[in-house]
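In this document, chain identifiers A, B, C and D correspond to the written order of the chains, with residue numbering beginning at 1 in each.
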């Protein structure tokens, strides 16, 4: 296999894997019992999913500026995701600090 | 006749569905939330229609800033407002529905009966664009061929601000705008407001700078700048300026003044109001764009910040 | 230092193709200068020296933990029994309130199973956890140690 | 049917929907939301016309596009002014419907001197 083919296979693999994590995050949105736990699924799975997609796209970009650009997109998305996740979580926090006691399947 | 692409059909369905949600949902706050999502989908529609300039404006201004304005207003309305619960009777609603369907039907007929081939000013723009030295046809139209519209618009923004401020009660005059003041912001929001604005400034200036030749321009750039300012205000890192602040007022009218000044100079040097002397068109357009971006950003931010309130308002009202 | 970073970000946006005029460069420098000025006014630089070794270790841990976090969530969600035990945990954070604690919050919101929901009156950070059976506090303590070390100071100093 | 026609029809439907909301919602802020829908429907009609006018290598006729950008900015300014009016109305009267009959409750609401 030539270098081009290897990089293409790598891209397809990493991007598909990344999409799988987005899918897992969405599934978490549907299956998890309350908004706080759903936020976990979204922030974590999307971070890894987007990271993998960016990683997969790196070999397709030839210039170093392009690499840094892709990574900057990931970092800015992380900052946004982390901030919004915390803000939503803070807004949803029960006032007495007790855990929302429902749907906790035993591990 | 070809069928529209599935993605277009999906977008149209989504736009209509979200619009229906904005109209039918019971709580005003949720309707405003729906409006934000609606604006974002509409921006995608504009991309499909080949107008990236409009799409950027719609996403930033139509969805982002308008949505923020309506959400904050919805949150400030009294909770026991009778307007939230009363609805007109079924008779009124049926008549309204029939009437509105008729209007929509008439418009749809107009769309289907538009003349063929479509009249277009695109060839005229293409033929004359090189004279302006600008590569983006929309920027060319906004600042050269239809510059009077844009000048009028920049003045409308100033007038809207004057109108907004004139709504303040007498005891509030001289105070600071109050819409964006609130309880102490959460720590993650403060952090975002400390980290993000420099990047927003770069993006805003970039949008202005490339706007001459690519999609982008002063309105889009100004919206990004205004959004950054509003983020800093909402996070409580800075206070909005008093409405009597002279530097701020000067900045708000600066763009219109530069525009009028260059336009008047054109009447003298190039023979017509708002005409640009040969060869100088592009630098002049860029100067106007830069000055307008500053003023529009300030005005958008101040429009969002609302009318002034008395200095003790935040403490007394609770 | 920050100025160079912002000018770099400008170059990312502008994507120089080789045919730039001086005007392009001048606008970029001006924009970077404005951005730097704003940044310095909004976020005053503390008296910290970045320790590159510790920063690299922090980045490595962050990347690794991101993978762990994503896999962890995916595993739990795909498991038909949905093995979670959500709950709250107060973590007595040593970093003083301010941008650095916010950075710590942002960092840990991406770590496996933790999501900060705010502070409590004793100055601790309250976390919502996906699974209270995990060793959460010790993991947070490691994150905190690394962040403090990367910023070149003791946990209490500023 | 081209994409221009599809989104043109979509714009016509939006005008109808927004008009219905404008008539049927008593709350001033809801009327404002509905009015923004009417506005975006009209802009979409412009967009359809612009798309049909694609020529000379442009994706659309730039003149209607520029008009829409101008329109969006003016619409925002008008909305901001209207929102301030609504908030002021709520402060003064404690309600935001535009019913001309004076409500019984408003006697109890303290009126701010202005």
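To be clear about the criterion, contacts are C-beta pairs under 8 Å (C-beta built on N, C-alpha and C of every residue); 3 or more make two chains touch, one makes a residue touch a chain.
Keep in mind it's a predicted model, so treat the numbers as computed, not measured.
Of the two chain pairs examined here, B-C and B-D, the one linked by more C-beta pairs in contact is B-D.
Closest chain to the protein centre (all Cα atoms averaged), using per-chain Cα means: B. Subunit C and subunit D have Cα centroids separated by 41 Å. Chain centres here are Cα means. That of subunit B falls 33 Å from that of subunit C. Chain centres here are Cα averages; for subunit A and subunit D they lie 36 Å apart.
Distance from the subunit B centre to the subunit D centre is 13 Å, each centre being the mean of its Cα atoms. Under the contact definition stated at the top, not a single residue of subunit D touches 2 or more other chains. Multi-chain contact residues of subunit B (touching two or more other chains): 186, 188, 191, 195, 199. Annotation for subunit A: residues 79, 82-83, 86, 90 touch two or more other chains.
By the document's touch criterion, interfaces exist between A-B, A-C, B-C, B-D. Those residues of subunit B whose C-beta lies close enough to touch subunit A in the complex are 186, 188-189, 191-192, 195-196, 199. In the complex of the two chains, the subunit A residues touching subunit C come out as 20-21, 24-25, 27-28, 31-34, 36-37, 39-41, 43-45, 47-49, 51, 65, 68-69, 72, 78-79, 81-83, 85-86, 89-90, 92-93, 97-100, 103-107.
Contact residues on subunit C toward subunit A in their complex (touch as defined above): 8-9, 11-12, 15-16, 66-67, 69-74, 76-78, 81-88, 105-107, 109-110, 112-113, 115-118, 120, 126, 128, 130-131, 133. Residues 2, 6, 9-10, 13-14, 24, 27, 30-32, 34-36, 38-39, 42-43, 97, 99, 101-103, 105-106, 116, 118-119 of subunit C are the ones that touch subunit B when the two sit in their complex.
Across the complex, subunit B meets subunit D through its residues 1-5, 8-9, 12, 15-16, 19-20, 22-23, 28, 31-32, 35, 38-39, 42, 45-46, 48-51, 53-54, 57-58, 61-62, 65-66, 69-70, 73-74, 76-78, 81-84, 86-88, 92-93, 96-97, 99-101, 103-105, 107-108, 110-112, 114, 118-123, 125-127, 137-138, 140-142, 145-146, 149-150, 153, 156-157, 160, 163-164, 167, 169-171, 179, 217, 219, 296, 299-300, 303-304, 306-307.
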